[in-house]
Structure formats: C-alpha cells, structure tokens
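Remarks on the structure that follows.
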Amino acid sequence: MTKMIRTGLIGLGYWGPNLARVLAQAQKSEFTAVCDLDPARLNRMARQYPGTRTFTDVNQFLNSDVEAVLIATPIGTHYELARRALLTGKHVFVEKPLADTSARAAELMEMAARLDRRLMAGHTFVYSPPVVKIKELIDSGTLGDVRYLSFSRVNLGLYNKDVDVVWDLAVHDVSILLYWLGEMPERACSFGRCCVQRAKRDVANLWFQFPSGRVAWCEVSWLSPQKMRRTCIVGSERMVVYDDTEPSEKVRIYDRGVNLRRPENFGEFQLSYRLGDMVAPHLSNAEPLLIEIDHFLDCIESGAAPRTDGKFGQDVVRAIEMASDIGWKAGCAQEELLLNRMGRELAEKAA
Amino acid sequence: MTKMIRTGLIGLGYWGPNLARVLAQAQKSEFTAVCDLDPARLNRMARQYPGTRTFTDVNQFLNSDVEAVLIATPIGTHYELARRALLTGKHVFVEKPLADTSARAAELMEMAARLDRRLMAGHTFVYSPPVVKIKELIDSGTLGDVRYLSFSRVNLGLYNKDVDVVWDLAVHDVSILLYWLGEMPERACSFGRCCVQRAKRDVANLWFQFPSGRVAWCEVSWLSPQKMRRTCIVGSERMVVYDDTEPSEKVRIYDRGVNLRRPENFGEFQLSYRLGDMVAPHLSNAEPLLIEIDHFLDCIESGAAPRTDGKFGQDVVRAIEMASDIGWKAGCAQEELLLNRMGRELAEKAA
Amino acid sequence: MTKMIRTGLIGLGYWGPNLARVLAQAQKSEFTAVCDLDPARLNRMARQYPGTRTFTDVNQFLNSDVEAVLIATPIGTHYELARRALLTGKHVFVEKPLADTSARAAELMEMAARLDRRLMAGHTFVYSPPVVKIKELIDSGTLGDVRYLSFSRVNLGLYNKDVDVVWDLAVHDVSILLYWLGEMPERACSFGRCCVQRAKRDVANLWFQFPSGRVAWCEVSWLSPQKMRRTCIVGSERMVVYDDTEPSEKVRIYDRGVNLRRPENFGEFQLSYRLGDMVAPHLSNAEPLLIEIDHFLDCIESGAAPRTDGKFGQDVVRAIEMASDIGWKAGCAQEELLLNRMGRELAEKAA
Amino acid sequence: MTKMIRTGLIGLGYWGPNLARVLAQAQKSEFTAVCDLDPARLNRMARQYPGTRTFTDVNQFLNSDVEAVLIATPIGTHYELARRALLTGKHVFVEKPLADTSARAAELMEMAARLDRRLMAGHTFVYSPPVVKIKELIDSGTLGDVRYLSFSRVNLGLYNKDVDVVWDLAVHDVSILLYWLGEMPERACSFGRCCVQRAKRDVANLWFQFPSGRVAWCEVSWLSPQKMRRTCIVGSERMVVYDDTEPSEKVRIYDRGVNLRRPENFGEFQLSYRLGDMVAPHLSNAEPLLIEIDHFLDCIESGAAPRTDGKFGQDVVRAIEMASDIGWKAGCAQEELLLNRMGRELAEKAA
C-alpha cells in the first residue's frame, strides 16, 4: 500500500490554486492544509477541497501535522517561509526562484542538508516531456557537440508586481539551460529596458558563456505582440527547435548541419552542408506540474535528492545574478537603460 | 523622352547577375559594359545581354563611356574600385557594405561630395515595400514612441568566404534600423561564437542603445535549422511584426500595448492593457532591387542625394564597427568566444 | 435584485461536467439538482457542488423544484427526456442535436410552444465571439453577397459511440451555416466512408445548396493526422477565414476579390482583381458555453425565444437528414461507400 | 557521347517560356525551333535563345527537322496540333490536359501507338519529389491500406480564359490521385458554382470512389483569400500531409491511426488509438519540370512508355469527365448551381 504524505500549501495567489489541484490529485499526497492571509481565498479552497484545514497564521500551519510544505508566495518571502518550514522539520518545495539572492538560496540548501530534509525548487519546465526529451538527446550524444542555444520567451504579458522580466521569465530558460548543459556559465551579462515602469525592466536579453565554450542567449519580454516560446539548440550532429506554443510537435529534430571537411593533401578546409530528415518525436501529454509534485513526494519517500534540489535552485539564482549585476548604472529610470556587467574579468578591469 | 544613362557593372559573382538583370530592365538604364576577371562569366553575360561590352581590365572598363558604375565585388575591394570609379568621373553604386572600414567609407563619401558624383550603398532592404511601410508608420507617429526592436535573421546559410556573419547578415538589419530610427547608436556590443571555422563568427547577437533611449538587438546565424527573417517593433501605441518569410501579410500591425495610467487622487500607478485589432496592410509586390536601381538613376538625373548615400553607408559600417570592436580577446579561435566592447564608456573605463 | 432560476442537469458523461461548472458559475442560476444513473459520478458532483441534490431516478428529479432542465445524455434519449421535462412544466435545454430525427425535434418544438416553455438546443458555436462577429459582417453587408462557404472540421478524434461523424461533428458546422445564412438548404447530399467500424462513417463530405444560390461544403473526419477547424466565407466584397485552432486572430477579414467589370461601349466583360488589407478584429475571450447558458436563463426570465430555439434545432436536424438520407445503398459495410441522395428532386425522379 | 534530340515548342503564352527555359537547359535537348502566332513573342525567344529558329506557320514548323514537339497552347487546340505533329512523325509532349475530351485523348493515344511515337501528357506534379515520395510510401506498404484522400487547391487565382476551375486546377489533383492509386474511379461527381462569370465554375468540389473502396475529394477554387495546396492521405498504418506551400518539410508522415482491436473471447470490438512520431523526409530540390522533360527525352531515346503517357493522360481526362458530366441542369448561369451526375447508376435510375 502506498504511504500517503500529508501535504500543505502556503500562498493562494495566482499560482497556488494550480498546486492545490495537483496536491489533491497526486497519489502519494494527502492534501491536509492551506495557509493564506486572505480568508476569502481560504474559503474557496475549503469548499473545493473538503477535508483540508485552513490557516491564516503560518505558525499554526507549520505546527500542524503537515509533513511537506509547498510555498507559492511572493519571491521576497520565499527565504523566510522556507527557513521556518525547514526548522519545524518539514520537507519544502519552493516555487521558482528558490530565493531572491543566491546567498539566501545557499543558506536554505545548507539548512536542508543539515536537517536532512528534502528541499526542492519548483522549476516545472525541467519536468516537462519536451525538456526531458532534449536532455536525453544531448546526453546520448545524438546532437553531437552543442554549439549554441537561443531562447525566446516573449508575449504581451501580465506584469509581475514583485520582480522584473528577468526574474519572472528568464528564470525558466536559465533552469532549462543549466539542466541541459550541466555546467554553470563563467560569464554572463544582460541588456534591457524599463519601457513602462520606472526601475523595472520589461524587456531584456541575456548572454551566457560556459567553460566548455558553449554560448546561449535568451530574449524575454512582457511587451511583445505575438507570443513566442521558442528554443533552438544547435549541435554539430543535429539541431533542435522546441516550440512550446505548438499544440503538438513541440520538439523538431533536424538532421542538418555544416561541418569542416579535412582537406585531402594540402588543400583548403572545405565546408560540407548536410540536409536530412526532420523528426518530431511523440511526447507524453502528462502534466509537468503533476510529474514534478510526484517527483517531490517520491524523493521524500526515498530520501533521494530531487532533480531541482537546493543546489540546482541556487545555481539558477546565481546565473541570473551573474547576468543581472549592474556594472554601469545604479538605477533604471523609465526611459533609461540597464547595461550590466559582462562577467568578472571586465568588472575587475573596470574597477 | 527619357534620357538613358549608360550603366556598367563590375563583378559577376553571386550577386552581380541580379544587378545585370535589373540594369537590362530599368527604363533609364542603357546597360553597356561589364567587367570581371573571369572570361567565362563575361561570355555568359555577353550572350544574355547582346550589346553589352565586356572587360577583364578595370582600367579599360573605367575608360569606356559608362556614366554609372555598379560594384558587386568582394568587400575588401569596394574601397579601391569605388575610389577609382569616382576619380574617373563616374557615379558609383557599391553593394553593401560600402567599405570594410568606416574610415574608408568616409573617404569615399567625401570624395563623391568633392567631385559632385552620386555615391550610393546597395542597402536593398531600405527600398523594400515592407520596410518603407514601417518607416511611414514610425514617422507618422502611428506606432507612438518606439520602445525597442528585435531582429532575427537566421538560417542554415551559405557561409560567406570573405567576412563573418555580422558583416554578412547583420549589415541588413543595421541598415533597416538606422533608416527607421534616423539616429546613430551611442553604445553597441556583440557576442557570438566561431562554431565551424576558426576566427570567423557564424552566430552572433548584437545590442544597440540609442541617444533617445531606444534599444535594439539582432540575432544572426548561418547555423540554424529553420529560416527566420523576423523583426518586431514595439511602440507605445502600436506593435509591428515584420516577417519576411511570409508569402503575404509580411507586416502585421497590432493595436496592443501596456501603459501606465495616471492615478486618480493619491493612488498607485495602474497598468492598463490594450488588446485591439490586427491589420496586415496590402503591400506592393514591386521588386526592391529594381526600385533601388531606379532610385540610383533618378538621383543621377536630378542630382538629389540617394536615400542610402555615402553618409548612410558610412553610418552602417560605423555601427557594425561599434558592435564588433573586440574589447576582451584579440582573436577568435574555433571553440573560443568573442565578447566585444560595450560602447565607449566601458572601453575607456577598462583602459 | 436578480431573480435566481433553479437549474438541474441530466447526464454526467463527457460533456455534462462542463455544463455543471457553468451552471454553478452563471449569475442567474441556482444549481440545485443533478441526475445520472451512475452513483459514482453523482458523488463526485455532490462533493464539487455542495448544496446540489443528486438523483438516479429521472422522475424524482423532474418532480423536484427545478425550473430549468439541461439534458446532456446520449442523442437517442434526448427526445424522451425533453418531452417528459416539458410535460412537467420545465424549461428545457438539450445538448446538440435537439433530437435524433427532425420529426421528433418538431414534436418537441410544438410541445414547448403549446406549453409556453422555453426550449433551446445547445449549439454552443452560435454563441461564440468569432461566429457572432462573422454573422455581423454578413448581416451588415460588409462581405457583400456571400458566394460560398467551405468548412473543415477534422482531427484524430475520439470516436463517438452513439453516432457517426456527421451527427457528431457536422452538426456544429450546419448550425453555424444556418445561423449565418438564415435560410434552409434546398438540396443537400453527403459522401463518406466507414473506414474503421462497420456501418459508421468516420469521414464525410457534405454539400448544401440554398435557394439564394449560395453553396457550402463541409469536410468532417475523426481520422485525420492534423487538427483543422477552418471555415472560409467568400463574399463579393470581403472574404473571411475563421480558424478556431488559432490562439488569437481566429477571424481574418480579407479585402480581396474578383469581380466582373462592366464593359465600356461594346467590349468584353473584364475581370478585375482586388488585393487590399487584411484585418483580424479583436474578439472577446468570453466563454461561449457561459454566454449560451446566460442566454437560456435570460430567455426564461424574459419569455423571449432563444437564438437556437426549437425551430432552429429542428432546422439543423432536418439539414443533416437532407444530407444523410441514403439514396444508393441501404447499408454501409466496412470498406463500402455511402453515396446519399441529392436532395428531393433527385430522389423523386429516381423513385 | 549523349545523342541530342532536336526539340521544338509550339505556344509562347503563359507557360511556354518555362518549357523553353528547360529545353535550353536539358542535356539531351537541342532546342531548335519555336512556333507562335505572335511575332513579338518569337522575337523575344530568338534573342534569349540564339540559334533557335522561329515560325508563325505551324506547318513549316512541323516540316523542320525537329524530332520532338512540345505543345503549350490553349486546351481546345491540343488535339489538332498533337495529331498533326504525330502524323509528321514527331514525338509529342502535350501540356495538361492531353485533350479536351477523353475520346480525342484516346484517338491521340492510339495514333501514337500505331505510329510508334512517344506521346506524353505534361502532368508535372507526377514528377515532383514530394509526389514521387508519397507514391513510394504507398507502394511499399508504409501507409498500410489507403483509406481516403483529401485535396485542397485554392487561392485567389488568375482566371483561366479557356476552361473552368475543374479543368484548370483539379486536373493536377486527379493526375496525382491516379498516379498514386493506380486505379480508375468507378463513380465520380462534382458540385460547384459559377460565382463571377456566367457558365464557368470558379469553385468546385469533386468526389471520387474507387473499385478498391477508397474515396477521395478535391476542393478547387480561384476565389479563396488564402492559398492552399494541401493533400491529406490517410492510411491504416501511417497518415501523410503534403503541403506544397511549405518552403521545406512539404511531406509530413505521421505514425498515427485508429484501428479496431479484435475482441478477446466474446467481448466488443475495441478502438485503439496510435500516436507516434512524425517524420518529414528530406526531399530533393530538383525542378519537377526539368525532371519531366528529361524523362520525355529519355523515353524517346529508349523507346519506353512515359510515366504520364497517352493512356495516363486519357485516364485523367476521363476522370474529370466522370466528375463533370451534368446530370441535373443543362447550363450554369451566374448565380446558378451545377449539380452533376453521381456516377452511372444514379443517372440511369433517374432516366
């Protein structure tokens, strides 16, 4: 018989209700408690999930018999809530990003290790079938050497009240990028503009360079007329376009490429072009959020480290910070520009 | 009766035959001479355009009665050929880019002014109906304040033998950008990689910041599985997507946006979202190359400055240089990275 | 203060839960009772909508204080359930199609008129913003004379257990067609094949000719690799493509056409081609099902005839019958073909 | 050494110049003569293809030493010109359709056989890489049993002066259909409307039923706002979408389907759905017209029957006739409808 894990949720804003639905659905979850400051939201949950207790006080919530806590609150509160949940002996799932600074993310990571609790960052895309499929293609060598990656995540978006577009949208791409490559960038920078609001970038472009030589760029925007969720992964043997707006055929694998042919005798290097078939593999329709929560519960049961554990969550925050550190200007007035530091060397040189 | 202008062409490589076809077709052109080092190419031209004289010697070509010279040779030869043509009293059209350095482009520009000859750079896109339409939308205020522009020009491309992908492809986007905005960037940088060949970038990303605060980025690649020719122009009143791969509806104008609403009384600023109609204006199917050559001949006749005159051509080269100057590393080995200077301030600070 | 109407639902299969959700949401609805033969389904509803009474016996359900009954049961049961609901004084909403024969649909229509009850057929598309927008374009004369219509509704579909693909999918297109044109076809026929199952067509093509001269065709399939929901409406002044698979820009209005120009003097008629702008009007994102149920409740309150009243529902069934009557062969074996009667004239002639 | 065949062309209207270009290019062709009534067109050809003799008189043209004659004149003249060319001992290529009636096409076919001359109908699509690829998929059994085919060939088209849309556009689809299936339809009918001109259908829908049970439909229109060149081939093992408007990936092979699973014991038949990968095979970019003309010249050299020989050309005309015969109404006034005979049985029954 499956042992059920008593789960509880803090935060019923935009994203929380999705987690609630999945907690009610997951096989190993006994969804027992929700916590929010707003009684109206709690009432709605109570009606929809009878048997779930409601709390407006987070201490009372943490003192309940909940074993695993999911946190879906504004980013600025992640650290404090996760810390308290870990200290009361809970396993903790934190919506992305894990914390608002990498230092705080590292602290949570260490605390979870010391207390032997599972800590997981909610990077849902890392559990989605297209992203997992591409990870397999990279790891199996099907793509050959990955040369560069290009991400576009733009639309006419709901402006996030807490953070800028980098912390809101680029976090997704960075989590996918780090999962695929398995290495941290050695240099990063970003470039963007605060178009609508003072001091909050709504369009940006990020660049990453990795120790292996691989490079990546990522365009994010809340201010774009057409929605794009497009990633291009160029390898020496295969190229992939992953378009998440496609209803099917989200992943297209192209047997295309350009390579240098070794010269015979003492001739010049020659370029050879390869144009082969395209394959769109069938992908599971399983809901990533459900896969993710099942994974969290499995890790609690087995004691294994989650794929997006505290270390992974901290790496994502650190990569965003590397790209976001401001080298030029301290503030971002409306109609002003943010040009950020281009990695360490440059910052040091300029110092 | 229309006065005909005697036209001649130097360079019958990849692009030259297209210019020849248009010179034979244009109403004001009397296509009289071609020049190339390769007699086989000259013979083919002579058969196709009887009445056109052929030259393997550029001096003899320039000493013929040709009035207007079109140059479609490798970039490294533009300066020298254009210079000699101007000095022998010809009007000169040079394929993009005008020269391989902005200093040389400036020299040509000054020489043309001094000799009172028309000098034009072959930035064909500036004459294409979609680009002209968007220029009208910007100048008329229909788009409101232009906030940012995003260009993608990627495909599995024919590698250019002479130059890297920035000098080959980004030149198009920069010419469009400068034409639309009518201002020079004050900062620029680029980031890319030499994936296939040593010391020649085949993928790159460029950033530009303008004195008005507007920003733009441009992704170019010879190493991409799907062809993209997509430009997004975001204004405060309208947003435009220009997709040159579409057979029709290349320009789509979206009445969409986000703006800050002034607060009533002492409340907070509110964001208001606008979602209106989309219009794809009907555009002429006229061939941009023919429009461009007609414009060159009209300017010779009238004495007016071409839209893409020497000054414009020099600006394009200068903007590419701003983005291409190497601040970090002197060379670009295969498997190495180019991270370039971020405008002047940074370079000076780092010095 | 809004008067609430006590609503009840029969049938909790595939579609019923969607109606339940909307009944719980609609402002004028007090969702009080559900009826199904399966207690498990009833329990699920009771948990989700506390305060709603559950019935396994339809007589007890009808004897409750429910004022308006919604029927979402297999098509073969529509007539009997609607009849009994009307006879117990309820207002009745029947999922499409209204009944399995036009004679039975007519009987329901007459019964509702005699008993002064509202009877409405659940043709949801007739309430969707794109379909309503196109109705306005037709009625206002914007499209000019409608010349022909082409419908494609194909995908790799869930095979309906009760009926063939015409009764399952083409019913949608026919309801849209009759709503737009406001006339009944005078001739109709269909052509299809029973590919997978004996005696049940899974692919078909229908033709309709209207007294006004307008023609329409409709392709439906459960056996198609790509999903299409595409309708093309060709008028003498404008042409429209309505693509329901598009996330936005579902309706595109083209200012394109071909017309005969009257000859000057005694010359020939000349064709003139018109190629103008395309406009994709912004459309409301309101849920058609909620609009539909609100309309039903409004009609109960006001006594007005619903847009898709019994007469409309009967017209749809009659048009499907016109196209479905079998003139050639009595049965449809697997690997056999159905070629159906081409309207009345032909059937009578052949008799 | 390759023996050259002296080729000549009659008809320099819309299509003729394309044939001329290919005749000048094909390795086995010595392009020696052109014939047209219009001296201006002849002059243009003479300039472009020096060494090609020009004729305004078809008898003189046929009395020249031309060995193979290509006919690209209005459809009504095909029979007479082909007949005379055969009688003067030429091999003959006739643009599609081979003749304006199947009786005349049969006469040409028999004449060519009697005189031992090659006769070929210009069904270019039958030589295009996508169509050939799909033929291979069908013949190899990769698609399983072909269940049905759906063709859409619509756009805002240039109205053909000679014939209606069925004879202009559907001829393409019928040639592809007969090539793929290798059988003649046993029943066919069509339905359409004369929207713009009297007595000339500009939109139509054709239906075909084959002895094997397979069915096909084909929508053609000169009066459609968006261009479609889409064919869907549904087999029991694989489904294919062939979209000729795609710049690449014209053929997509879907491993999708629905099949009946044999019941275990005495249970019901169960439907099983299969959703697998999609593959877009790389296809040659070779020009179909050049492949076609090379094939014609190869057949002249070898004496083999062309793939689209007289018999094939006659079958296409016959299938169009089967679908076009008018059973209901003798004429087609503007604003009137053509409802045509539904195969033989129905016509006889109605008689």
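The chains carry the letters A, B, C and D, assigned in the order they are written, with residues numbered from 1 in each.
Everything below uses one rule, namely that a residue touches a chain if its C-beta (ideal position, glycine included) is under 8 Å from a C-beta of that chain, and two chains touch if they have at least 3 such contacts.
On a predicted model such as this, the values are computed, not experimentally measured, just so you know.
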item: Centroid comparison with chain A (C-alpha atoms), farthest chain; value: D
item: Turn needed to bring chain A onto chain C - CA fit, degrees, nearest 5; value: 180
item: Centroid spacing, where centroids are CA-atom means, of chain B and chain D in whole angstrom; value: 43
item: Between chain B and chain A, distance of the C-alpha-averaged centres to the nearest whole Å; value: 38
item: For chain B, residues that touch 2 or more chains besides their own; value: 275, 278
item: Interface residues, chain A side, partner chain B - complex; value: 147-148, 150, 154, 156, 159, 187, 191-193, 195-197, 202-203, 205, 207, 209, 213, 215, 217, 219, 221-226, 232, 234, 239-241, 252, 254, 256-260, 269, 271, 273, 275, 278, 327-328, 335-337, 339, 342-343, 345-346, 349-350
item: List of chain C residues in touch with chain A within their complex; value: 47-48, 50, 227, 245, 247
item: Touching residues on chain B, where the partner in the complex is chain C; value: 249, 255, 275-282
